[in-house]
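Heads up, the next two complexes both have subunit A, just with different partners, subunit B and then subunit C.
Right, the complex of A and B next:
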């Protein structure tokens, strides 16, 4: 019983991180109707940025959060401004944008190989091995902080999307682009902003991931896949949906160690995806993420 | 094979009826090109290296065509075709090792196993459209690679498998087997596009629900295409195993291999009939002659190529060709233009009344599709009536 509880708590901690990771992908999809295949690449790039800041400038990963957010917000603006805006809008450009952003990902991977070689890197801070005990079991301090940061980010995002003009504009464009044009929302600017925000969130996820996992230039592929599974599971449009999707995936992965060998843990998400698709083709909660 | 084709080609509208998807001229051209390629190594003084690379290129062309059936004809871009390539390769290799089967039987068996495997994951995931299917296939590829790497009893794990030295064809002979494989893939490509099935696939690509409304069984059609695609790619995997005489899961199932199929399709022109084959040639040229010296740059180069093509010429080489021929007053045929990327994404739609109007937008920008969608029946070389009626 104690073991189950411990696993459950780690699943919750993991779910917090997953939710922050998936939200960037979900936001961009929800508003622009394109899948940001560069998501995994951004996560990888951000992990390397954090690592560079830590090793070269001795900057603590968590203190680097503002830098990461700004840098990747700008990266997102650049990707949108230089590439994505030339593609047809909406579903007509979906496959094109997919391949385009895949190209961006390949270039990022290549750059990372050239700059940092293909070796695994990890960030070891003084508190990397510190642990905290909750309910008699001890948990890594890092995981708790990552969970906390993720929660703060999600709540801040939720407030931004519900309380501010631009946040409301983003949600409105996600619901109906044409009506937004009618009432005078600058749709193109909303797209730009959304892409920047989604990329910044991916950057945050990369920073958090770099404190938990080792990474190399191929890092990010399974993060992309997991983010996608979460979106399909939880649907779009609400922090709650994403959180539920993240929770389901995290619990499935954590408890799968009872059933499958550990190297297959990363395949659990995919199996979950297929099962959901067979049983509930519209997604778990019926928001029709799928076509 | 050759004789009836010539008869029909010259004696306009002769008594021998070819199937509607096959025009006499295409048959004659294909036979002539095939015969030339068959004879080429016997006549031309090709070096051994070039000869082998050309043989391998035939296989890649076949694989690219097979990928294109799914990626181009149906508009479902697969990032996981390395899974079928690997399954085909390893099943074929195991059959040759364990039972000593003749290589071509092993290839076929490997191909069928790969096709079956494709159906296994594809039947559920093909409910996804466009980008969602694509991402799911990333998962398929990764999961298959993981399992294959750890299942060393079957795949030999990271140390791989060596094929029996005797009994298999030599690299020199593989040239002709590659050519046969390519011929089959080309014939299937034409059949899948020009037959009524091709029209059904186009309908599915444009709008799954509308296709369903006019009686096209989207699930069954996609399953068939996926099975054929997986089978041919699996046979290519078997060919590759014979060619290399050694295979290991890290190579066969790698994500890079899946990427290579996508690139071949995109370079050549997604959804065109023969574009993918041309793309495969370009891909092999890049890989063998340019990247041999700059191996650390290949991902970036592929990425740049992908971005440039998508931004400037989404139909790839085929699009360039159309552009050049347009300068001379050529009007592209409906099926060439309709095969492109543009319409490949339908299915990801937002609800709302206004959206209905918006969806006209893309076809307004693109005159080829516009012209094409009205003129699907007026394809040259075959009677228009045969189209819808079977």
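Right, the complex of A and C next:
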């Protein structure tokens, strides 16, 4: 029983990180209907930015959160303004957007190879291996903090989308773009804001990842895939659904070790993805709009 | 008009001649005359082809292997070149960047062999790339010596032209177990010891697991494997497998992992306040990266084993090698430079001993080669029963609290004394 409880807490902590990883991808897809393949590249770039701030300026990763959010919000605006806004809207632009954003990811990855080589990097803070005892079992302090940051991001995003004008505008555009135009919402500006926000959230995920894992320029690929699984599980475009999708994936991965060899645990998520796509194409929690 | 009619006819004639020439060329033996089976004559220059991952994810290792290959060639040329049947022949290394890409490694090897007509080949780095590229060398019957492919799967295909200086990862596990066995015999470790094996799901990990399993089976009364789990590369959460290890109350925590997984898993291990009489992550633990990312306290008493270590470098061939690397590249050598240097040296020695650049003769010489070496056994050969893969013990190191990681096994190479059981577990 104790072991099950320990694993359950581990799964919850993992779910926190997974959710943080998927918010950005889900938000952009929910509104622009674009699968942002540069999401993995942003996560990788943010890990490097955090590492640079830590090694060069001795800035603690968690204190660097505001800087990361601002930097990647601007990066998102730049990518949208320079590239994405020229794509055809809706399903007509789906393939182009995949190719374009995949290209952006490749450029980012190769730039990272040029700047930082292929060496693995990791951030070590005073608390990297510190632990906290909960119900007799020890858990990584870092993972608890990552979970906390992820929950704060979830609540903040939810409040933003439900309580502010721009949040409501984002949800409205996600629901019906044409009607928004009719009532005077600047759809182009909403798209720009959404892409910036989604990219900033991917940046946050990269920062959190850099405190937990080693990374190199190839980092971000499995994060992108898992994020995709999560947004499909949770229902495309639903923020709370994303958090629940992250929980399902994390629990499935952690507890599947009782059923399958541990090297197959990552495959469990993809099996879930296929099953959900076949049985409930709108995700486990339905095709809801954001919020 | 006549002229225009005549021109196509002559063009067609030219095309026919070209076609016949091409057909004749295609029917001719694919071997280059420069180094082919009929090459009695000694050429003015020997060209060795090679590709390495100089960019991409394996660029760090690729850059180091490059240094080893270049050093082997430079030292040979410094003496006037390879002695081939009494004539000194200069060596040229034609090295290309395969960008850590399997397809590119294969295509570039094909180009070097068929178009550039290199005489011999020095292999690329990492099991996946060597495995793909070695097929090209085998098909073209060109001696292929590599310092970067360790998996036994490369050498288990019955290939005749492939040779490797990296000993199997099985030997890593076996050498570590031999030291552990000594400690157990001295009464320092539990008997029988409960062993937890966690291995990455790659050929590297599989070979590691086999080494431990075989040793435990051969010493069934002394070792009992209680956990045997593999994990996917770049794992994000190891709590489940670590929980299994904890539940099994293992004494020996034997893991094979690459650096990113080592860092993630060991952080979780430390956070979970786990401790074992013996901890190893295969080759990981003694490198500067480990100390920087986990702290000295986090890596104390971890056992690691590598193919070569600079601590071997205070006498003989090793001293010369270490000194040359420091002079030429301004850095301390690691095992990457050592095994690639040995690959280059073995190939050049085989050419010299064969007294010819005939590929078949050089291949035969390589297969029976047995030369003094900088590697831990002091000798280098490519046993036929191992498919041309060198086999020797690894050097086992242990991280100590003073920041050093002396070689603790084999005894004849030891530069320090190992500690067991892990003192960090007390209290």
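Everything below uses one rule, namely that the second predicted complex is superposed on the first by the 271 of 291 C-alpha atoms of A that agree within 3 Å, B and C clash if a C-alpha of one lies under 4 Å from a C-alpha of the other, contacts with A are read in each partner's own complex, and residues count from 1 in each chain.
Just so we're on the same page, contacts are C-beta pairs under 8 Å (C-beta built on N, C-alpha and C of every residue); 3 or more make two chains touch, one makes a residue touch a chain.
In this text the structure is predicted, and so the values were computed from the model without any measurement.
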- prompt: In the superposed arrangement, which partner chain does A:266 touch: subunit B (first), subunit C (second), both, or neither?
  reply: both
- prompt: Among the partners subunit B and subunit C, which is in contact with a greater number of residues of subunit A?
  reply: B
Message: With both complexes overlaid on chain A, does A:10 touch subunit B (first), subunit C (second), both or neither?
response: second
- request: Check whether A:115 is in contact with subunit B, with subunit C, with both or with neither, and answer first, second, both or neither.
  value: neither
- request: Based on the superposed arrangement, let me know which partner A:139 touches: subunit B (first), subunit C (second), both, or neither?
  value: second
Query: In the superposed arrangement, does A:240 touch subunit B (first), subunit C (second), both or neither?
result: neither
Message: Looking at A:70, would you say it contacts subunit B, subunit C, both, or neither? Reply first, second, both or neither.
response: neither
Message: Quick check on the superposed pair: does A:131 touch subunit B, subunit C, both, or neither? Answer first, second, both or neither.
response: second
Message: So in the superposed three-chain picture, is A:155 touching just subunit B, just subunit C, both, or none of them (first/second/both/neither)?
response: neither
Message: Contact-wise, after the overlay, does A:57 reach subunit B, subunit C, both or neither (first, second, both, neither)?
response: neither
- prompt: Which parts of subunit A are in contact with subunit B and also with subunit C?
  reply: 113, 218, 222, 261, 263-264, 266
Statement: The answer for subunit A against subunit B in the complex is residues 33-35, 37, 83, 86-100, 102-107, 109-111, 113-114, 175-179, 218, 221-222, 224-225, 228-229, 232, 261, 263-264, 266-267, 269-271, 273-274, 277-278, 281, 288-291
Message: Per the contact definition, I'd like the list of subunit C residues that touch subunit A in the complex.
response: 55-60, 100, 201, 229-232, 234-237, 239-241, 243-244, 246-247, 259-260, 263-264, 267-268, 270-273, 289, 292-295, 298
Subunit C contact footprint on subunit A (complex, rising order): 3, 6-7, 10-11, 14, 17, 113, 117-120, 122-124, 128-131, 137-143, 212-218, 222, 250, 253-255, 257, 261-266
Statement: Residue set of subunit B touching subunit A in the complex reads 75, 77, 121, 124-125, 127-132, 134-136, 138-140, 142-143, 146-147, 150, 208, 255, 259, 262, 266, 296-307, 310-311, 314, 341-352, 354-355, 357-359, 361-362, 365
